[in-house]
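What follows is a set of notes on a single structure, which appears directly below.
Order of writing sets the labels: A, B, C and D. Residues in every chain begin at 1.
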C-alpha cells in the first residue's frame, strides 16, 4: 500500500542547501543522510511513495520521540552504508539514518564498522510510509538511550525479481548523480502540501 | 611541599609531536591540553614541581581509573579556559584537562561554555603532586559517568601577593611562546627517570 | 567384605537434574584417596533405568579426571535415588475487567503536552459542529494525519470551543501537541480508539516527564472532576488504583460502565495432616496458605476444591506426577507445598489500548515422593551399561541413605563441623539433612528450588522463554551504554577496546560465561534485577528457613551451628549470601560447601557414598 | 448566639508545623460560603501564645485570598491545639569491631587485577629478602611510588618468590597491576596500611568488574584457604558476612585477632498498659517491640531500663518533651511508640581502611500528649494580635474538638462519605479520626510521620543534613547524564536546550520545584530511591495500618469504607499511593483529600471549624 493509494494529499519537499555539514553538538539529535538524487532527480521511491512523504514520515517519527533531526545530503556516494555511517558520525548522539532514492534505508551508529548497522531495510519495494515513521522513531529512541524493538521488516521473495531490474536502473542513475567533490551538505527541508 | 622536597627521583619528559590533534573516538578517554611553554621553555611550576612530575601524576590519576589519556599541546593560546575547553572538545568522552606551565589547572567539558568549568585550580602555588594525581583521577571519573567529589582546593590568601609578580612574569613568557598558526598538536609523552 | 589390596571405588549420585560421580582408592583400613570427579545431566527421570547413560558419562568423566580406567574399577556405589518430583501450577486470582467502555490509561511511551483536561468526548469529524464555550476532549482515529488534527484543534479553539485534550489512535501525541497554540494533555496509541464512547464526560491527564499522574490516580480526584457521590466513587476506585504510577491516563465516565478488579474464585485447598485437615482459601494469599501448612505439618496430602481453579491446579500436578512415575493419580501423595504470591502481567479484558495490568497470582509448587522406585532395576541397567565400558562384569551396589551420604560429603568441607545441617539447593526441591554429634541423621524435602525461581522470573517478566529466564537468574546484568562500554548493576562502567556486537547496542544484557546476551523485551535493568532477587528470596530464603525450622532440634534454629549449602543453586552468585544473611541472626555459620576442600557445592553425595563404604570397610576390617 | 445578617468567620488550625486558615460568610440559616484560605508555618510550639504570629499571617492570607478585610471579621475560631509532640531517638544495636589486627576488605573504588591470592604478609622493604618458593602478599606504604612497587614485585617474581597479591596504602592498585607480568589481585587505599600485621597468612581477593567476591565472603571459603577447624571457622564467620557484596577484600589471619559482630547491650523497654506491663528487649528488633505494644495497647507510659542505651533514649525523649512543655519530666507520659529497624553506616572500630559497615539500629519515635495546654492564653494572645490588625476587638473562640473538625473538613472532599476515616499525615504524628454514620467521632494519634521519614533518610544515607534529606523525601530523582539531558528514576531521558549548571554535571539530582539540586555524596540513584521508599513505607504504611486497626469498628478494616488522607505528607508524590495500595485488599476507597473540592489535603480543620460553627447557628436558629 503506497501513500498515494491511501489518498494522502500530495506534498512537496522544498530543499535548500545551508553549506557543508558539521558535527552536531546536541546529544539528542539524529542525522538523516539522503543520497545524491533524493528529491532532486527522483521524487518517488521504487514503489512510488513520494520522497517528500518519506522525509515527512522520518521527521515525524523523530519528532514524536522528542528528539531533534538534522538532514544532510551525501553528495559523493550512492553507497547506503557509507551514507548512513557518515550521517551517524555527524550526529551528536552518534545515531544516523541513511536513505537512498529508491527507498532502501539503514540506521547506523558512529562507532560501528561501516559495513555493520543497527537496522537495515534492504527491500525498498516493501517499505511503507509507516515503516519510515518507525525508522525515525527507532533512530530517535536509540539516540535517547532507549532500547526499541527493531522495526519489523516484511520479506517477500517475489518482490525481488519483480523489482530487480528497476532497482538496478535506479541505482545507476543515483550513481550518475554523484558529485565527487560535493562532500556532505546540510539541508533545510520544508514539506508543504502541494498548492499551499 | 613540592615534589623535589619529598625526595622523588628526578624525572624528565620526552615529548614528540605526532601531528595535528583530531577528535577522539573512544568514550573512555580524557584529553590533557598543555600550554605553549609547558615542558619546553619551562620545566617547573611556579612552586618548583617539575612539569614532568605534573604530567606523570595526571597520567597516573587517569590510568588508575582505567581510562585512557591523550595529551595535546595548544600552541596558539595561553588562556587556560581556552586550552581546557579545546582539550574537552577533542576528547571522545567530552572531558578535558588544561594545565598552564605555572601549574594552574582546569577540568572542562565540551558542552560547557568556555568560561565555565567543572573544576578550577586557580592557585598554582598551592598545588601539590597529589593534587595533580587527583585532577587526573577526577577527570577520568567524569569520563566514566561517575560523580566524583571535587578535588579539595586549599585557599591561602597569603600565597597570592607572594607569588603574584612571579605569576605575571611566567604568564608573559608563556604568552610570548604562542605560535598563532600552531594549532593543536597531539603529543607522545614518555616520562623517564633522569639518567635511565 | 574381603579385606586386602586397595580397591578402586566409584560413587555415583543420580539427582533430578544432575548426576555426579567420583572415584577413589579405598585401602584396607578404610583410608580414602579421592582421585577424580565428574558431572553430567541426569538422563531420564531420576530412579528409572534411563539413568544409566548419565551414570556412564559422569563416572567416565570421574575416572578420566583421576587418570583411571574402567577395567580397574572394583566397585560402583549409587545413591538410593528415590524420586522426589515437584510440580508447579500458577493461577491468577485477580483480573482487571473493563465493562462497557470506561477506559483506563495505558501509559503510552510518548504522550503529548501535560496537565489535566476535562470535557465531553467528541469525534474529530464532529469537532466543527461543537459550539463555542463547550468543553471537549477530541477523539481521533489512527488514520488521521497529525497536521490535519492539529489544524482542526487550533481552528476549534480559535472559535471558542474549549478544547481540553485529545485521545489519539496513532502515535502522534507529541506531533499534535507541538502544533497547538496552548499546552494540552494528549494521550495516544489507543488501539481501539474507535470504541471510545462519544458524548461522555471524560478526563485526560499527562504528567511532566519523570513524574506520575496525581489526579486520576486518586479516587477523590476523579470524584472531584466528575462530581461523583460516595457510591459512585466506590465504583470508580479500582480505576484510580489501576492508574497509579502511570505518566498519563484517560478516564471516560460512562453511565453503566466501570472497571472491576474482579477476584477470580480460586477455590480452597484442603491440607491433610496426620491428625487434622485444614482448609484455606487460595485467594487469601501465600502467607495464609503457608501458615496453615505449618499448623498441620507434616503434610500427608493436599486436595483442591473440585470445580475451582485450585482444583484444576492440584489435579494437574497429580496427573503430571502420575505420568512421570507410573503410579495411579490417586496414589500420588503431595508431601509438601510452597505457595508464592506473584504478580503477572496480563492484558486487561475489555481494555481499549491493549492495557496490561499486573494481576495477583498464586504459584503452588508441590512435592511428591513416589513409592520407593525399582532401584534394583536401575542398578541392573547400570551394571549392563558399565560392563560394556569395563569389558567385564562390575560390582554395582546401592549405597546408603541419601541424606546420610550428603552429610558425610558436606563434612569434608573445611571448617564445617557438627551439629551440621546440609541444605541441598537443587532444581525441584530444597532438601535439608541434620546430623547431630552422634551421627543421627534426620532429613526433610521441601517443595520449590531453582526451577521455581526460573518459573517466577519467566512469569513475572512475561518472557515466555525459560531459557532467557534461566540466564537472567544465573548471571549479573548490565546496560550497554555504547559500543565500547557497559554499566554494571552496581553502577560502575566497564570499557572495551573492541566494539560490542550491534545487536547488543542499547540493550540490557546478561553477562553469561559465553559473553553478553541481550535480554529481549523492554524491561529496564532495575526491574529485571528486582524481579530476580525477589524470586530468589521468596523461594530460597523462605525454604531455607522453613526447612531449618522443621529439622532443627526442638525447632530452634539457635541449636544449629553450621549450615553447608550444596547443589546447583548453591553455585548461584547471590542465593548463598541471601540465605547466610537470613540465618545470621540465629548465630549460624552458613556458607557454600566446599566438598573435599576443592569441589565447591558439588559431589557431596557421591563423595559421601565412598566415605561411607570406607567406614564400613574399616569397621568390618576391625571386626 | 444572635441570629441576623451573614457573618464573616475565620477558621484557624494551629498545627505542629503549619497553621492553616480560611474565611467564609456564614448566613443566618447555617449556609456557608467559603471565600479564601491561607497557610503559614506555625510560630513557636503548638499550644503556646507564640502561635499568634502564625495565626495573624495565615488568617491574613485567607482574608486577602477572599478579598476581605480584617475590620469586617465577625468571629475567629481556633482549634483546641492540644500539643501532641513527638521525639526521636536512635541507637545502633550492632557494632563491627576489629580486635587486634584481622583486616576486612573495604571495597576501594579501583582495586587492581583480579583473582584470589594467599600468602604471608611481607613489607615491601623486606621483599628482597624472601626466598624463592615462598608465597607472599606484599604490604606497601602509601608513600611508595607505583613504578618502584611494580619493579620490586616483578623482580621478586622473577627470582621465584610466589608473589600472590598486594595490599597498598595509596590509590595505586591499577597502576601497579598494569606494570606486572601476571594478573594478581591488589587492594589499595588501605589507610592504616602500616598497621597490617606482617608475617601472617593472609588472602586478597578481587572480583571482575561488576561481580562480587565469592571466596572471602564464604565462611567455608576462608576456612579452606586458611585450613581452619570448625571452632576457628565460627570465629571468622562475621568476617565473611561483613565482606558480602564487596568487589575486593583482604583477610589477614592473626592468631588472637578476630572480628566481632558485637551486639550492643541496648537494654529493655517496659511498656505499661492499662492493666499490665510488658518488657521487651530492644535488640529483638522493631517487630518484636511493635507486637508487644499491640498486646498492651493503649499505652499509658514507657520506661527504658536505666543504665542502658534505651534508658538514655527514653530519658532523652522525656527531657526534650519536658523542656518543650514546661511539665516535669516525670509528668510526661509516652502515649505511643513507633519502633523502626534501620541500618546506619558506621566506621568499623579498629578497621584499617576507614571501612564502613552498615550497622543495625533501632529508631524509636515517641509521642507525648501534654496536659491540656493553657488554650485560653493562646486565645488571648491571638485576640491581642488580631486587634492590632482589625483596629478593634475581635471575637476569638476556641472551636470544637480537633478530630471532629477534621472529619467535618474531610467530608467536604467530593466522593467521600460515611463511615469515614481521616488520616492526617503530619510532621510528628499520624492522626486518625473515625466518624460513624451517627457522627460519633473517635480519634487516635500514633507516633511518627513526615519528620521521621526525613530522619530515617538522613541517617541511613549518612547525610547529616536534614535539609538535603527533606528534599530527597519530597522530590523525584534523576541522574544528569550530560549537560543537555537527565535520566529520570523511571529510566526515561529528558533533554534540554539550555545547558545545565556545571555543578549538576554527572550528579544525581532532586527535581525540586525551584529546579535541580545535586545530592551530595556518592550514593547512586537506585540506593537513594530505595532508601526513600523504604523509609516512607516503614513509617506511613505501618502507621496507617496500625492507626486504622485501632480506630476501625471492632478492629476490622473491612468496616471502613472511605479513608481520606490529609496533612502535609498527603502532598507527597508517592505516600498516598503506598497507603492506598496497602489498604486496597480491605476494600477501602483511599485517596488524598480534596477539601472543599479544591484545596487538596489542606485546610480540613480550619474549614471544619467554620462548618461546625454554621451547624451550630443552624441548630440554634431552628431552636
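As a working rule, a residue touches a chain if its C-beta (ideal position, glycine included) is under 8 Å from a C-beta of that chain, and two chains touch if they have at least 3 such contacts.
This structure is a prediction, so every number in the text was calculated from the model and none was measured.
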Which listed pair, A-C, B-C or A-D, duplicates the contacts of B-D in over half of its pairs: A-C
Comparison of B-D and A-D by number of C-beta pairs in contact, larger one: B-D
Rounded Å distance, subunit A centre to subunit C centre (Cα mean): 44
Mean-CA-position distance for subunit C and subunit B (Å): 53
Where subunit B touches two or more other chains, by residue: 66, 111, 145-146
Touching two or more other chains - residues of subunit C: 481-482, 484, 492
Interfacial residue positions of subunit A with respect to subunit D in the complex: 26-28, 66-67, 144-146
Complex contacts: residues of subunit C adjacent to subunit B: 481-482, 484-485, 487, 492-493, 495
Residue ranges of subunit D in contact with subunit C within the complex: 209-212, 214, 217-224, 227-234, 236-237, 240-241, 244-245, 247, 413-418, 476, 478, 486, 488-492, 494, 511, 524, 526, 561-562, 564, 573, 576-577, 580-581, 584, 589-594, 597-598
Subunit D residues within the subunit B interface of the complex: 110, 145-146, 171-175, 178, 481-484, 499, 502, 505-508, 522
Residue numbers on subunit B that touch subunit D, as the complex places them: 8, 60, 63-66, 94, 109, 111-113, 116-118, 133, 137, 142, 145-149
